[in-house]
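Look for chain A in each of the two complexes below; its partner is chain B in the first and chain C in the second.
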Partner chain A sequence: MTSASRTKAFIAVGLLPALLLFVLFVILPIIWSAYYGFFDWKGIGAATFIGFDNYTEVVKDPIFWTSLKNNMLIVIASVFGQVPIALVLALLLVKNSRLHTFIRSAVFMPMVLSSVVVGIIWGYIYHPEIGILNFLLDGIGLGSWKKEWLSDPDVSMYSLMVPIIWNYIGPYLIMFIAALNNIPSEMDDAAKIDGAEGSRKLFSVTLPLVWDTIKVAVVLCISGSLKAFDLIYVMTGGGPAHSTELLASYMYNNTFSIYRYGYGSAVSTVIIIISLLLVAGSQYLMKRGDRL
Partner chain B sequence: MMQLIQRKWKSGLVKTLMVLYALITLYPLIWLFMSSVKSNEEFYSRPFLLPTKWHWDSFSRAWNVSDMGTGMINSIIVTGISLVLTLVIAALAAYVLSRFQFRFKLLVMGLFLLGMLIPIHSTLVPLFIMMNQTHLLNTYGALIFPYVAFELPIAIFILQAYMNTFPREIEEAAFLDGMGYWGIFRKMMLPLSAPALSTVAILAVLRYWNDFSFALVFISKPALKTLPLSLSMFATGYMTDYQLTMAALAMAVIPTIIVYLVFQRSIMQGMVAGAVKG
Partner chain C sequence: MNKKTTVILSVVLAASLALTACGSSDDKSDKTTTEGGKEKVKLTLWHNYSGDDQRAKTMRSLIEQFEKDHPDITLDVQAIPPDGYRTRLKTVAAANEMPDLFVMWPGVMTKEFQAGNLIQPINGLLDSKKEWKDGFLPGSFDGFTIGTDIYSAPIALSPTSILFYNKSLFEQNNLEVPKTWDDMMHAVEVFKSKKITPISLGNKAAWPAQSSILSSLADRVTGTEWFLNAATQGGAKFTDPAFIQSLQYLKDLGDAGAFQSGFNSLDNTQAEQYFAQGKAAMMIDGGWALTNIASTASTEAMAQMGATVLPSTPGGKGDPNTLAGVVGTGLGMSAKVTGAKKDAAYEVMYALAGPDAQKRVLESNQLVSYKVDLDKSKVTPIFAEVYELVNNVKRTPVYDGVLSSAAADEVNNGLQELLMGGSPESIAKKIQSAVEKK
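And now, the complex of A and B:
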């Protein structure tokens, strides 16, 4: 074999396993789901071609819109919950002292736990009769605030925000601490000479310097918002009365609870389109923000 | 003097608040461990206090009831095989993408980039249908193949970025010594990439070990259930036996926490790198 053809063979053999797995298990399903979306199919028996009927039904279904709204609520909770909390914590925890490292580890800890564990623990915390939240409220004399945290459709979605925020603060905290540590120490000295201290230094020196990291964090919140399925599946399953339904649980329930495979496929396709739009949109906003 | 005292007070207050915050953050876990040794009565009669009598028997009971042994073994098998496949396949692809020029390179990289933007859950339904037709459902492969496939893009990008920093001279010297591409890959690229490989491994292990949605949809045979799946039966079936549930959760959590405490620095950095690139 010549050396050129040997190189070619190596390139082909080197990429083949990765490409094969990736195309078969990531790309192909996406194409299939767009295709199955055009059929009425129960999983067994014949599939009937029904054109765009599934897709129009998705767009007309109010539960679909509730799910989309809930996904957006998670985005909002992440952007205005996780990011500010992580930033404040990072400003306070920037040193490498033993206490600071301990608190960082504590905040990051939920990230390594299975969401099934997290979901069951928080399910107990919120439990109306035996949950510690209602006990706590009784104990501090706020018994009138007691609620059925997960089974009252008016509050259930908001109850779910707390574990979601709690679970995912860690990475943002570490990102912000890294960004703060990257600020050159000359900047600190210069600010001191100019007499900038406390909040003035924070707003005119520190925050502008970590602004890029904040933007990255916001983009991550947006793309990460579609990942909350596990936690919600364990805690509420999308109920009560679809009040905590997410796009992913809406898809899951339609496919695996009532066996509408065609319809579930259509929902999958819509989820992919929405998430690509979200990513493109957030990238665009960030780019525009750069020019301003 | 007054100023100094004031500053001391302020930093003391901040410290106290920080510790309080850390305790609140950890409280769900502390409560989990406390409740796992309490009787069902004390679970709600003394929710914030340590148990009067420690019940260790709940651990063995929970282990048997939920068949956690099977879950552990399945999780170890699936995570282990997926991890090895991920490292080998991704490192090989990263080596090719980092060192060779060829016609479809941009297309291949674009394809992997696209893969990172696709939410995993959106492929559950079509994958289920495909695996049902190919009789892959209820096998280890039903988890291993999708796990590896979805982890490949991020793994390849981390490894490729790392390999790009190696100077080319080292390979040229090896070529002159008569080493082929495979030799260079095995004897130079793999050992030199150890730090990046460990980042990839951490991300992959955590994702495989904790995955719930793929296991939920693709595995229904009890003998093949992974750990998160055997725990999830507590979410529905045994919710009223608090002691049992909490003991099961505690046992599932302890190994993860130990691993986390040992590798916390690299876990934190690895997960942040994974999040930012993905």
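And now, the complex of A and C:
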């Protein structure tokens, strides 16, 4: 046995427990869920096989398309909100001074709070009667801008984006700071010798070197946004009248509020397919960006 | 591959298999033996009396008392927050892992559990205590009965559509409590012009408008018989003009600005506090508001509150002297409970739903479906008023107590849409198709 194949065998053994757990708790449930999607099942009693009926109903249901549209808004807001803001903050806060550390912890803080707490805090900020936001608008003479932030379907999705962006900047900030710290100091020196400074250095040296981290952040951001559920569930519950429904809350309501387990399983399978397509699509786009 | 790696591999594999085996092993040791050799019975009990209101506290103290009095019966109690309770219960039902005893709703839930062979009748217990059984108000067991089998004894009565009003706000504005729909619209207009919220509503969870307002309002317009026919699709449809008219009445209320701003993003409790603070002149809410009011509102605030039924509608077919309401929850028993455990379970049921328990529950400002004389000094004045009201009017069905979960969900969301400006016709159509799909 050569040492190379021995190393490979060792890696395989090392991976095995994690792989088994992953298959057992992630892959198998996905397959099961896709399978349950073929049944008309209330959760109690017998399940009847109905072929692709659930899946066609998903595609035909206007509420599914509303939630997909809303969810795409969240994905766009997160990718173009969370990632750039985190990156800019990381570039500004990369030093280890006391002020920088303080601001960094402040930005990361919401991640430490439970999302139920965050949802309740923002629920009070947007509260139609006693909310700080409407109070502030009144105070600075913009009373006419006052809105029913969470129940007016024209603005509610945008109101929900703000806490979602605010809540999840933290982890990306940490990732980017780590990536920036990993740039070897020789690069800095070399850039200095070549006379690259300011924006020239940023775009030609720094950003290309953290590009891989940005790609990872975008993928995490897309898959995270497609799973978005907790904040919305606490703040609006997907309502009023489905106007802030997301894919996950649509699935949850069908499964656990009106007890259509089969249909809910079909919806989750569709969510997985959409997520995979989006993640693959974004990877493809960014790969092309590499070659340019 | 050399021997060493093969060994490591097989050990890891065996270990992970053993680990997974642990997860699925079914450990059901219900009976443990005490030192004396007497068999100790262990029962699991799930309830939703986890809040801070008086009823929940009373129920918890009844359970503690039972444990103290019965050292041979061990209760493994799980108190689950009310919002998540139904979901938890339905989830274990799907996995066929019901607790031995659990709080259960009459109507649709009882039917579903019975159809899934998850529960067993308690006729044996009821027949052995005739006096107790006869003490329940007429119709108490209807929602828990399938054929001749009775599956639970209710520990609560929930009128869902009481019209609460603030006496001093009505007096200050020279208004009478509305008896007809025109009075109602007039009162709304007057309060609105005085910058007082006419009706407090918290419809974020989407059921309050349906359960509290529409159930009674639609009954005024269509009559009870029409609704029961429409729900079973026996000669009546939700697209009938009468039902569309009742949606129109609700929409008129919304259009007249009867509810506070952002009512679709407030929850029921917030709306109750809003009313209790005197910021709104009226509130259409269920009996559950009483126990919340009792624990949060001040004595002066409570003295201002009155309660009555919803006003009549012009030319309506329903009896206006009625309240929509349901018999509340009771304890259900898993079909798997047998032998000594069953006897113990019967004892728990009697301890929590028997005459003494019903009396204590009533005194904690929670209406019960059982004949008890109310000692008015022990409850709040508004509770005493509602108690009188409930004993003097007839009860009509509540929409989500009769419709399937999917159809009720459609009504809930439809009403939110209606109050945001949707059209009654198109919402009626959606409800009708949800009922048909069943």
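FYI, the second predicted complex is superposed on the first by the 229 of 292 C-alpha atoms of A that agree within 3 Å, B and C clash if a C-alpha of one lies under 4 Å from a C-alpha of the other, contacts with A are read in each partner's own complex, and residues count from 1 in each chain.
Criterion: a contact is a pair of C-beta atoms (placed from the backbone, for glycine too) under 8 Å apart; a residue touches a chain by one contact, two chains touch by 3 or more.
Note that the structure is predicted; figures quoted are calculated from it, not measured.
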{"item": "Which superposed partner A:256 touches (first chain B, second chain C, both, neither)", "value": "both"}
{"item": "Touching partner for A:151 - first (chain B), second (chain C), both, neither", "value": "second"}
{"item": "Per-residue touch tally on chain A - higher for chain B or for chain C", "value": "B"}
{"item": "Touching partner for A:86 - first (chain B), second (chain C), both, neither", "value": "neither"}
{"item": "Which of chain B and chain C A:210 touches, first, second, both or neither", "value": "neither"}
{"item": "Which superposed partner A:58 touches (first chain B, second chain C, both, neither)", "value": "neither"}
{"item": "Partner chain(s) touched by A:242 [first = chain B, second = chain C, both, neither]", "value": "second"}
{"item": "Partner chain in contact with A:73 - chain B first, chain C second, else both or neither", "value": "neither"}
{"item": "Contacts of A:42 with chain B and chain C, given as first, second, both or neither", "value": "second"}
{"item": "Touched partner set for A:28, first chain B, second chain C, both or neither", "value": "first"}
{"item": "Doubly contacted residues of chain A, that is, touched by chain B and again by chain C", "value": "6, 10, 17, 21, 24, 43, 123, 129, 256, 261"}
{"item": "Residues on chain A engaged by chain B in the complex (per definition of touch)", "value": "6-8, 10-11, 14-15, 17-19, 21-30, 32-33, 36, 43, 89, 92-93, 99, 102-125, 129-130, 132, 135, 166, 170-171, 174-175, 178, 216, 220, 223-224, 226-227, 229-230, 233-234, 248, 251-252, 255-256, 261, 264-265, 267-269, 271-272, 275-276, 279"}
{"item": "Parts of chain B lying in touch with chain A, wherever the complex brings them together", "value": "14-15, 18-19, 21-22, 25-26, 28-29, 31-32, 35, 43-44, 47-48, 89-90, 92-93, 95-97, 100, 102, 108, 111-112, 114-115, 117-130, 132, 145-146, 148-150, 152-153, 156, 180-182, 185, 206, 209-210, 212-213, 216-217, 227-228, 231-232, 234-235, 239, 242, 245-246, 249, 252-253, 256-257, 259-261, 264, 267-269, 271-272, 275-276"}
{"item": "Complex interface listing, chain C residues touching chain A", "value": "1-2, 5, 8-9, 12-13, 15-16, 20, 87, 90-91, 93-94, 112-113, 115-116, 118, 203-206, 260-266, 274, 405-406, 408-409, 413-414, 416-417, 419-420, 422"}
{"item": "Touching residues (chain side chain A, partner chain C) in the complex", "value": "1, 6, 9-10, 13, 16-17, 20-21, 24, 42-45, 123, 126-129, 148-151, 153, 235-237, 239-243, 253, 256-261"}
